[in-house]
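Each of the next two complexes has chain A plus one other chain: chain B in the first, chain C in the second.
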Partner chain A sequence: MMKKKQITIALAGNPNSGKSTIFNNLTGARQHVGNYPGVTVEKKEGKTSFQDYEINVVDLPGTYSLSPYSEDEFVARDFIVQEHPDVIVSIIDSSNLERNLYLVTQLMELDTPLILAMNMSDMAEKKGQDVDYSELSKLLAMLIVPTIGNKNIGTKELLAAVIKTHENKIKASKIHVKYGPEVQEEMCKLEQILKKDKELVNRYPWRWLVIKMLENDSSVLDIIRNCSVGQEATAQNEKSRSHLQAHFGDDPEVIIADRRYGFISGACTQALKETTIEERHDLSDSIDRIVLNRLFGIPIFALVMYAIFKFTFTFSEPVVGYFETFFGWFGETVASIVPAGLFQSFLVDGIIGGVGGVLGFLPLVLFMFFAIAFFEDSGYMARAAFVMDRLMSKFGLHGKSFLPMMISTNGCAIPGIMATRTLESKKDRLITMMVVPFMICGAKLPIFALFIGAFFPASYSTNIMFLMYILSIVIAFCSAWLLKKFVFQGEVSHFVMELPPYRVPTIKGLLLKMGERGWLYVKKAGTIIVLISIIIWAGFTFPQNSGVTKEGMTDSEIATIQLEQSYAGKAGSLIEPLVKPIGMDGRSGIALLAGVAAKEVVVSTFGTIYSLGEVDVEETETLREKLQKDPSWSPLKAMSFLIFCLIYMPCFVAMAVFYEESGSKLKWTLFLMFWTTVMAWSASFIVYQGGMILGLGI
Partner chain B sequence: MLKLIKAPTKTDLTFVSIEGGMGAKRHLADMGLVPGEKLKVLQNSGYGPVTVLIKGAKVALGHGLATKIVVEEE
Partner chain C sequence: MERTLNKLNPKESGRVKKILGEGQLRKKLLDMGIIPGTTVEVVKVAPLGDPIDIKVRGYHLSLRKEEAALIYVYVEEDKLCLS
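Showing the complex of A and B:
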């Protein structure tokens, strides 16, 4: 068999033009998609075969131009310009043709072969847009494929066009935007200087360099300054720019942008058969007039979040009950088969008690993910950021910082931290990264469900959960304000954000998302949580019978002594003085400490502890019931515990990602650990001691 | 000529220029806002961001930015 030829293609396009959907269609991957800008912040690779080619497909973060402003845009620009993919597939939202073609005009300045995927072509047709594809293809000198990403239409044709373009080497450089004689003349002068540096023009397309210099793109100017003709080129560029400035009475970057739009509008006039495009934004506008209203905006957002929690708690409650009962029954069954002893305890208390506690909440997490997926796909996410902008500007951040915080609530703090890449200001980014972990992620959710379920009446559960959510936002905002005021002073950067059109989410899309995130939860329970549960079990089991057991002691007393005298029990009593003022004992201290490995571990640790402390293995009480019956807890203590869990240090993986994304700043990572934990302790202290004074400590 | 922040909801405008911020100028051009470009105010409460329609896309511009954008009424 002949070996397949290998090529690399890059998917480039504006934010929210459906690149990841096309990527998934091409490669069969399940990359996360959503209806808000900035879902993809990192390049993602996948493979596909077509004819006798093996194609390496690279999905890039969305970008409006090849002049990057934020980290995610740098990722896209660097790949396109430096990695020399064999073909660039430029994906555009056809229903917004002119603006989307702007990036295409810049891609045309590179030497890489280019094809155009006109995505969402059904939406454009619905708007009454009738494109003469062959005419547009001629005008832009590239193959064009209409696609409908969410229906997987046009995928094969796209691959065929990629291969054809690659084999025919249809160079995108055939047609360029005409910038006019004045600009062209300055371009020539710069070109002659740059071409003296052979290495430079081998690495980067000269034409692109020259235009970006005239556009005053700071990252390109840096590249130029460091090349062998740096001084000469920089001096010439300054001269050229001031010449153009004087000639046109405006900045060269504005003139260049204007020429590009002129080129696009010329092409569109020729290639669009019907120019009766009605801007039908009526429904979307009416919705926005309500949800973005200055008075109702925030209350509506609060209502939406409340509805999500209400939905989650109401519908998951019975199913969680079944799951808990199942794991109770399962433990009991295993106990009746396996003879009593260490091995039985290992299985029943360590693994089933620990992991079962976490998996019991799977339905709750799934319901939450389903509701959140609706929120993500509808287009409301960007609106929530808009609404919060006003409030957040009082705390020194702008609305875009709210997106990473929401992403954290939608599943996990890690993608939340990654999503801060869309922020342009480095300081804002660092601040946002530091407050993102305060949000209630999918891993913290079971802790809240467990304690709220155990200590508060069912009719209040949504309200308490919602209160916790509000508290997480308040804490995040106040921290941001403190950080901005005392650590990262600086001005608020510009807030520019596209609001995507509303879409009705498809059931299939929602279920896919729910399944994807739910599977991650199960996978984590089956790996890291099993491992930590075993460690915790061993910690509380050994050394065996080291305590003084006297004749006539009940089984339950013996179990208690065993827990106290074990390694973990002793470690617990060591840290007890630290957590006593916030109403916790050594066991809770151990659970919290173990929770740094992964927040679900807080639940699994209690699962193991209560399973070990249980004398009659035949009894099938759920973990919630066991907690409820434990006289050492009270609703006030539970509240204090939850507040601590809400605020204290992020899990290891989140901290590792924080370290990476903060530019490997150990200082900030340690600061984050310390700061969050001190805050958590103080908040719990106030709540617990305050509650005691008010006499709520019953 | 007026500042975008002063333009009431539903007015049709022509973009003239933006004061200050070099970065913002190219950033807005990337989003379709070049001198002479038509835009429409979709929502402006005079408080918080302003939403405008630029080349068929709905864009939110921060309050601070909207105070620097110079426009002309149609």
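Showing the complex of A and C:
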């Protein structure tokens, strides 16, 4: 058999054009998610075979233009212009033709062969749009395939068109937008200069460079400045821009955008048969009249949030149980195979215990991802950002910030931090990332359950828990406000966001999205947590108990001695003076210190401290009694402790992810560590000392 | 009459005259299809009074009022009033 020929195709298109759906149709389950080197945006790749070709399909992040605004868009742009895929498949939402074709006009400026997938053709038809495909194909000089992504219609035809385009070497560059003689003249001048740098024009299509220069695209201007003809080109560009400015009385970028849209309307008038697109009020508009209603908008938002939590908890609870049972069983099995001793303890307590603690949350996180994917694909998330933006922006956040914060509440800060990628401005993204860890995540929950149960009357416990949630939100918002006021002063952010039409998501699409994000979470959390679990385990295990044990001592007494002798124990007594002013002793200090590994470890550390050995985080009954009986605790101290736990530094895994996502900024990571801890200490200090003065300390 | 987009009430529409501001935001607005001559309609104001939902080139776009304030539009009705 002949060896298959390999080609790479890239899928480009606006967000919400159905790009992921087409990608899933093309590649089926043969896909994987990786990272682009250096940046944190996911790279989705898949393979498919068609005729005698093995086709590598790269799904690029959605983008509206080849001028990038967010990190996502940078990646899409760089891949398209630098990596020279064999064919670009441009996916458009045909029911929103004009704006979707705007990106296509820019793709036409590249030398890469291009084909057009006119997706959502069902929606377009419903609107009464009748396209003469062969006419449009001629006008744009590329093959066109109508598709319906969610019904998997047009997939084969699309692949056939890819092969045909590749084999015939149909170049997209046959037809370009006509920018008019004035612009064209300036383009020629710039072209002549740029072509002197062979390396530059081999790397980037010159036409694209020239147009982006005239458009004043800052990222392209940077590229130009660093090339061998940089000075000359930059000087000429400034001359050209001011010449055009004088000629048209408007900036060249306006003229260029205008010409592109002009080209599009021209093509549409020719290729659309008798456009009967009367402005029929579609279903989307009707839904929005309720969902974005002045009165109902916010209650509906609250209801949706509630529904997501309810769904997540109701369905994940049994599965979390299975996971715990599994890890318990797995630990025991390993313990029964490996002989008792240091190595067994290392495997069971160190690795399985630590990894199990984080992976135990996986079902919860997955259900949450599923629910969120549903609201994203249906189009509601954009509305939620729209409804919330006013409130959020007052505090230096962005309408889209609520999503990461929500993922973190009861879920986990790690996927929360990763979800900040959709934010375009650096400031919005960093502020959101810094406040996400304040939310009460699933791992902090057991601490609150334990202490509220132990020190406050049962009739108040729900209210106190609720108060803690409110407090976490208040703290997050206040910190955001402080960051905006003092750290990111004067930095702007925008809210130019499409409100896409509502659509019915497909189960396959939702499951794939959930799996993709879930896998990323496992990979991130999994790799770091193993390392940290080992360090924590070692801290409690070494130096080994040296001969102080006497015959007849109970296991728990031995455990207490071991604890006091360990590095962790010594660290605890070291930090005792620091935590005394907030009403805590060295033992709580150790627990807090250990909690930096993963917050649920606070509870299991108390378990160790109170010599219970293994404590199941879910069943804290006995530990609760021990705490109640310990005279050194009081409700005030418990409150101070809880407030500290609520605010102090995020767990190591979250910080590692923060470090990566903030663009490897050690400065910000350290800032986050100190900022949260100082704030936690101050808040606890006020609560504890204030409470003492008020005489609540009994 | 010429007004900035943030001053339009829901259901009012106009044609874009010019876009102020500079840099990224201005380019983004152009890329999203808001260029001189385009018809834009204010559809809705968010429950808390900001941002606004506008219809441009057949799709919905949301903008904060401060961004809408950069966009000058001719409002058709005003022309009628004046004549």
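Note that in this section the second predicted complex is superposed on the first by the 366 of 698 C-alpha atoms of A that agree within 3 Å, B and C clash if a C-alpha of one lies under 4 Å from a C-alpha of the other, contacts with A are read in each partner's own complex, and residues count from 1 in each chain.
Assume a residue touches a chain if its C-beta (ideal position, glycine included) is under 8 Å from a C-beta of that chain, and two chains touch if they have at least 3 such contacts.
Since this is a predicted model, take the numbers as computed values, not measurements.
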- Once the shared chain is lined up, is A:S573 touching chain B (first), chain C (second), both, or neither of them? neither
- Could you say whether A:I298 touches chain B, chain C, both of them, or neither, answering first, second, both or neither? second
- Task: Classify the contacts of A:V496 with the two partner chains as first (chain B alone), second (chain C alone), both, or neither.
- Result: both
- Query: Can A:H398 be said to touch chain B (first), chain C (second), both, or neither?
  - Reply: first
- Message: Going by the contact rule set out at the top, does A:Q344 touch chain B (first), chain C (second), both, or neither?
- Response: neither
- Query: Does the superposition put A:T234 against chain B (first), chain C (second), both, or neither?
  - Reply: neither
- Residue overlap on chain A between the chain B contact set and the chain C contact set? 64-65, 67, 69, 96-99, 102, 215-217, 250, 253-254, 257-258, 261, 277, 284-285, 288, 292-294, 382, 386, 389-390, 393, 399, 492, 494-501
- Query: Of all residues in chain A, which touch chain B in the complex?
  - Reply: 64-65, 67, 69, 95-99, 102, 215-217, 250-251, 253-254, 257-258, 261, 277, 279, 281, 284-285, 288-289, 292-294, 382, 386, 389-390, 393, 398-399, 492, 494-501
- Note on the structure: In their shared complex, chain A is touched by residues of chain C numbered 18-19, 23-33, 35-38, 43-51, 53, 57-64, 67
- For chain B, which residues count as touching chain A in their complex? 17, 21-32, 34-37, 42-43, 45, 47-49, 51, 53-65
- Message: Which stretch or stretches of chain A touch chain C in the complex?
- Response: 64-65, 67, 69, 96-99, 102, 215-218, 250, 253-254, 257-258, 261, 277, 284-285, 288, 292-295, 297-298, 382, 386-387, 389-391, 393, 399, 492, 494-501
